[in-house]
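Should a chain be cited, it is by its letter among A, B, C and D, assigned in written order, with residues numbered from 1 in that chain.
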Amino acid sequence: MIASSFEYFAPTSVDEALALLSEHGDDAKILAGGHSLIPAMKLRLAEPAVLIDIQRVEGLKGVSESDGTLVIGALTTHHELESSNLVNQKVPILAQTAGEIGDVQVRNKGTIGGSLSHADPAADWPATILALDADLKIVGSGGERVIKATDFFEELYTTALEADEILTEVHVAVPAENTTGSYLKLHQVASGFALTGVAVVLTKSGDICENIAVGITGVSDVPYRASEVESALAGRALTADNIAAAAEKAADGVDILEDIHASEAYRSNLAKVYTRRAIEGAAS
Amino acid sequence: MATMAGPSRLIGAPIKRREDPRLVQGLSHYVDDIKLVNTLHCTFLRSDYAHADIKSIDTEAAENLSGVVKVITGSDIAGKVGSIPCAAEIEGLKVPDHPALAVGRVRFVGEPIAAVVATDPYVARDALDLIEVEYDELPAVVDLDAAIESDSTVIYDEFDDNIAFTMPLDAGDVDAAFAEADHVVSQRFVNQRLIPNSIEPRGVLAEYLPGEGTLTVWSSTQVPHHLKTILSLLLDLPEQLVRVIAPEVGGGFGSKLNVYPEEAVVAYLATQLRKPVKWIEKRSEGFTTTIHGRDQVDYVDMAVKNDGTITALRAKLLANMGAYHQLLTPIIPVLTYLMMPGAYKIPNIKLELIGVFTNKMATDAYRGAGRPEATHIIERMVDLAAQKLGMDAKEIRFKNFPQPDEFPLEMATGVTYDSGNYQMSFNKALDTVDYASLRARQAELRGQGRYMGIGIATYAEICGMGPSVGVAGGGWESSTVRIERTGKVTVLTGVSPHGQGQETSFAQIVADEYGISIDDIVIIHGDTGRQPQGIGTFGSRATAVGGAALIIATQQVKEKMAQIAAHMLEANADDLVFEDGNIFVQGSPDSAVTFADVAATAHVAVNLPPEVEPGLEATHFFEPSNFTYPFGAHISIVEVDPETGEIDLQRYVAVDDCGNIINPLLVDGQVHGGIAQGLGQAMYEGAVYDENGQLLTGSFMDYAIPKATQVPRFETEHTTTPSPVNPLGVKGVGEAGTIASSPCLVNAVVDALSPFGITDIDMPMTPNRVWQAIQDAQ
Amino acid sequence: MKIKADYTVSAHREKVWEHLTDADLLSQSIPGCEELKAAGNDTYEATIKVGVAGIKGTYKGTVTLENMQPPSAYRLIVEGKSTIGFLKGACDFRLEEVNSGETKVELAGELTVGGKLARVGQRIIGSAAKMTIGQFFKQINKLVTTDTDS
Amino acid sequence: MNKSRKQINTTINGEDYTHEVEPRLLLVHYLREVAGLTGTHVGCETSLCGACTAIVDGQAVKTCTMLAVQADGAEITTIEGLAQDGELHPIQEGFWERHGLQCGFCTPGMIVAAHQLLERNPNPSEDEIRHGLEGNFCRCTGYQHIVDAVQYAAEKMQG
């Protein structure tokens, strides 16, 4: 309940934050909404010597549209994404995903950037961000770079972010008219994290699946794109049989998590069933 | 009774709670809200091991931390703080020494080893990380079946095995009944370990005044009087100088019906340091070291005839005590043993109850305490028998209920059910759900490949904990009624409510009896300095025993008032009526004296009838003649998703008979909360230890208590069969919902999955477990 | 918790053996190893910062190598404790030369954790262990190949 | 340690507070121990139970998962700030009228969460109420009377 002592800094600009990060290196942690970090600190599972609170950094909040792309500031809260008219109109799966995270109080405070950077293997955002093929803007002392979501999640709780970098923006291309999405999740009943969460982004041409992206969280150490499912369905008719056959591949080639809440076999089953249902949901 | 009460205005009415204004504004005081000047903060270092010898404890670095006042270990308090007591008296019971801080050996994860006192709770926490403990790990005893095998590690050197006690029963002729049975059904049940998790954690604040020699302890407890007595014994202080206050208590569910090491250590530290000392439990501590509930493995056989008559029951009950006995640990499974027949007349019963030590936290009273286990066993067995006979789950129950005119009914287990009409409550439940059409709907859905299930649990339970012969530490309750000089009424009760609402229901009882406004009555509880004697609130006893004590004390004072009023009115006391704040001769309300005038007269004491002493106060100790036996019928409707194992709970109907009802609003609240906790056991909750005795469900991240989205709307109904064992005719309702709901839900899910050939499923029925059961059946 | 895994290292078996059993090389390969000093009998006192991302704990304890059968097999025993709990592992390593110049290392063992780590971390301990072992072999492979190249 | 203490300014229930605090001080401890407002409770350590819910800059938050330093400059409303001039807030009244509490420990957080819910959705369905209160545990009531209480308040607040 009581964290270890730390030095606290509240920079107001990205540059200031980066300078602090360079100065304190591995000893420092970035504090965004705090809803992953503070619980870990209270249990003393995490004991950073320095906390860099970026809440007061200008320009990292909110959603805007520019050239067919939604630009989401890293400090945008789950609640803001859930309730934003722009998001609900342009990329409703983002709002839908946000609404599945934690509870109201957590969504009020937790941020998309914080969640993605923390990379919990059962967090919701990674599935959807992968399915939307988002770009992530990262700044560091060496400058700015943009990487694909598919290159972002590396290992358990480990991302492509270097120690001196901060995720600043998430870029999501506004999908075409004939594209629909669906995020479907089975909650671990205690924590609310995903036992399995499946995000599907589907582009239809008539009854044919023109393009499909499936992001899955909760099933493996690292959230992943179910590429076997995608290739099994792309270019085919969206019949119940085709969808079911493709969804059977949802856990192919994946190292599946096992814990007291769900066995490996059960998670594998959930991945398939939820993938099928999410595709059906997106296709209907 | 000489005097007449006015028309009953409040008993039976849904009066809103008088407790609530302070609570909804955040203005009440739980232990942690009480701030005394110069308070020191205590925190405990706890064992990471389930079973280990302590080689050394190095506290030096912690002691040197700025702000740390004191660090103590088990050896520092040996001989100064007594062993944590167990009140159970069971023949042959092994009672191990239970030091407040471990000495030499630890026996469960979370066992306290050292206490740190600091000027600031943050510093106290920092100090914990500076204490070095060296352990020699020992094999941990975790599995109940394995613990009683001859090759098991034995937890106590002084005992031969891990068996804490055995209790046999052989009533009737069980062997003959099984020999003559048309069918025998057998099943092993696991009644999983639960963690109570009241939302307010435990907490203690103790202050010692050396001049006066008085120790005052504020504790989040259900039993302040027991705590007072036991603390005086543990610390060797005169009992009269120890005062325990249970301030606002944020839920207990049995978990605070106890005396814990932390209470003893904090009180001891206060006497030594001569400053107030406070400890507030962290949730993670609550998970490991506040008592757990249930944890039985039961092997059961039932003999039935072709017509559905149950002729015999045979069972071996393994009950997990954990590593030490807490206050009532061994008693809890005895309630299972006593209530094995449930709502059915079963003449032949053979039982073997075995209490088993393991390297886990102690079990003890958790809402329902032994009866949910019994009800689970009998209600599941009845369904299994019906399934085997091809009989409807409804019919087999009617077949085996006793008739209403058979009560009081002595059962084969030795208890006597006070009153009952099981047919009435069950019929009401069946009518409410329209049972026949439900079965038709189920058949229709099965045709569509959908798995709907109807679950029934009819139950009888034991509560109203008393008489004293059946309750460790006493089964009576005490109440004092005092009418102040101004005519305001003070009630002092020995019960110690922590959410049950007796400040309201008890005031209803008194207001009706005196014909005065409820606003003129104050109910004081939870303070041994103000109400000198009492037992406490547990086992759905507060109204059945404490309310009974109250009504009698109320009437005793009323008789005296009537004498004084009769003297004032020059009338006969027998003719007086108490109504609307006045006392008058029946039929002559115009020539009345006010209730307040009579109170003033009693205290001014210059115009009293001869032989009448001044003052208006009476104390009554009520000793009930028997327990009470509430009953009822719960029905639930579920649909199971066979692909994922998810359960959709669509409807839950509860018909409970708790005797007379004082306040239906409070009764519904108790039933709702009870069902939610039973539902938690059925669907979500379960303490999981690994093979080394590590608790894997040590936080709300892994241990699920039901959330608002995870429970349905409950439909509650009642029938009323008064109890003959107390003057209010009440039975108690705090646990009924918990007792009936878990078997009701398991029966529903098993019913839904019966097309797969599934006959039983363990709790909690998580999606994974349900899905796995379907896989295994296919 | 059972641990079962295999890794292929791009070096001959003797070379891999050497890297897996030499204190200096081990200390360079064990992720988060801050100190590893010999305490006799193939036992080492170690200080290791283990964990994932921000959730790291510093464990002090011992690393013992047993049943040494160079260059094909040994048993590794790790015991450590920190303020958030303890961990104990015993793992059998089998080295087998596959193809030419490649060695397959098979691991089979048990890991137990206790204390707060077990209570709140059960969801991720298995994955974290797997990841840590993976990082260890990645580093071994790197050291071995650097060594070979030089 | 003093060098790292930070001064924070907050407005709590309309009153201004200024204190120097350790950065690790949790907001809930600031409210309870420094500002003396003990209506906000601590029920768990893992940001799940919601007993510590207060409103910070218009958002219901779990004050056990926020540092006091993060609240510098914030406007905070706790349970103690809801009743006005001795009149219960309609949500408090609803909890009283509909028996929405038993032990009362979760109640302040529950009421504050309900406050946020009704602000965003003045006429919620039962389902929406249950979802809106998912971050607040109650072990006593089974939630049904809490739902009823929020419905009572919703009706009353809409006039």
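Here, contacts are C-beta pairs under 8 Å (C-beta built on N, C-alpha and C of every residue); 3 or more make two chains touch, one makes a residue touch a chain.
Quantities reported herein were computed from a predicted structural model and do not represent experimental measurements.
Participant: Of all the chains, which has the CA centre nearest the overall CA centre?
Facilitator: B
Participant: Write down the chain pair with more C-beta contact pairs when A-D is set against B-C.
Facilitator: A-D
Participant: Find the geometric centre of each of chain A and chain D from their Cα atoms only, then give the gap between the two centres in Å, rounded to an integer.
Facilitator: Their C-alpha centroids are separated by 28 Å.
Participant: Based only on mean CA positions, could you tell me how far chain B sits from chain C in angstrom?
Facilitator: Averaging C-alpha atoms per chain gives centres 49 Å apart.
Participant: For chain A and chain B, let me know how many angstrom lie between their CA-based centres, rounded off.
Facilitator: Whole-Å distance between the two chain centres: 44.
Participant: What are the residues of chain A that contact at least two other chains?
Facilitator: Each of 1-2, 4-5, 43-44, 190-191, 260-261 in chain A touches at least two other chains.
Participant: Name the residues of chain C that each touch 2 or more other chains.
Facilitator: 83, 116, 120, 122-123, in rising order.
Participant: Tell me, which residues of chain B touch at least two other chains?
Facilitator: 122, 129, 282-284, 696-697, 699-702
Participant: Applying that definition of touch, give me each pair of chains that meets it.
Facilitator: Contact pairs between chains: A-B, A-C, A-D, B-C, B-D.
Participant: Can you tell me which positions in chain C touch chain A when the two form their complex?
Facilitator: So the residues of chain C in touch with chain A come to 51-57, 83-84, 116, 120-124, 126-128, 130-131, 134.
Participant: List the residues on chain D that touch chain B in their complex, please.
Facilitator: 22, 24-25, 32, 36-46, 48-49, 51, 78-80, 82-83, 88, 92, 95-97, 99, 101-108, 111, 126, 129-131, 133-134, 136-147
Participant: For chain A, which residues count as touching chain C in their complex?
Facilitator: Residue list for chain A touching chain C: 29, 37, 40, 43-46, 48, 118-119, 121-122, 155-158, 221, 255, 257-261.
Participant: Please give the residue numbers of chain A that touch chain D in the complex, ascending.
Facilitator: Residue positions touching the partner: 1-8, 10, 31, 34-35, 38-39, 41-43, 51, 53, 55, 79, 83, 102-106, 108-109, 190-192.
Participant: Under the touch definition given earlier, write down the residues of chain B that touch chain A in their complex.
Facilitator: 121-122, 125-126, 129, 282-284, 643-646, 684, 688, 696-697, 700-704, 710, 766-768, 771-772, 775
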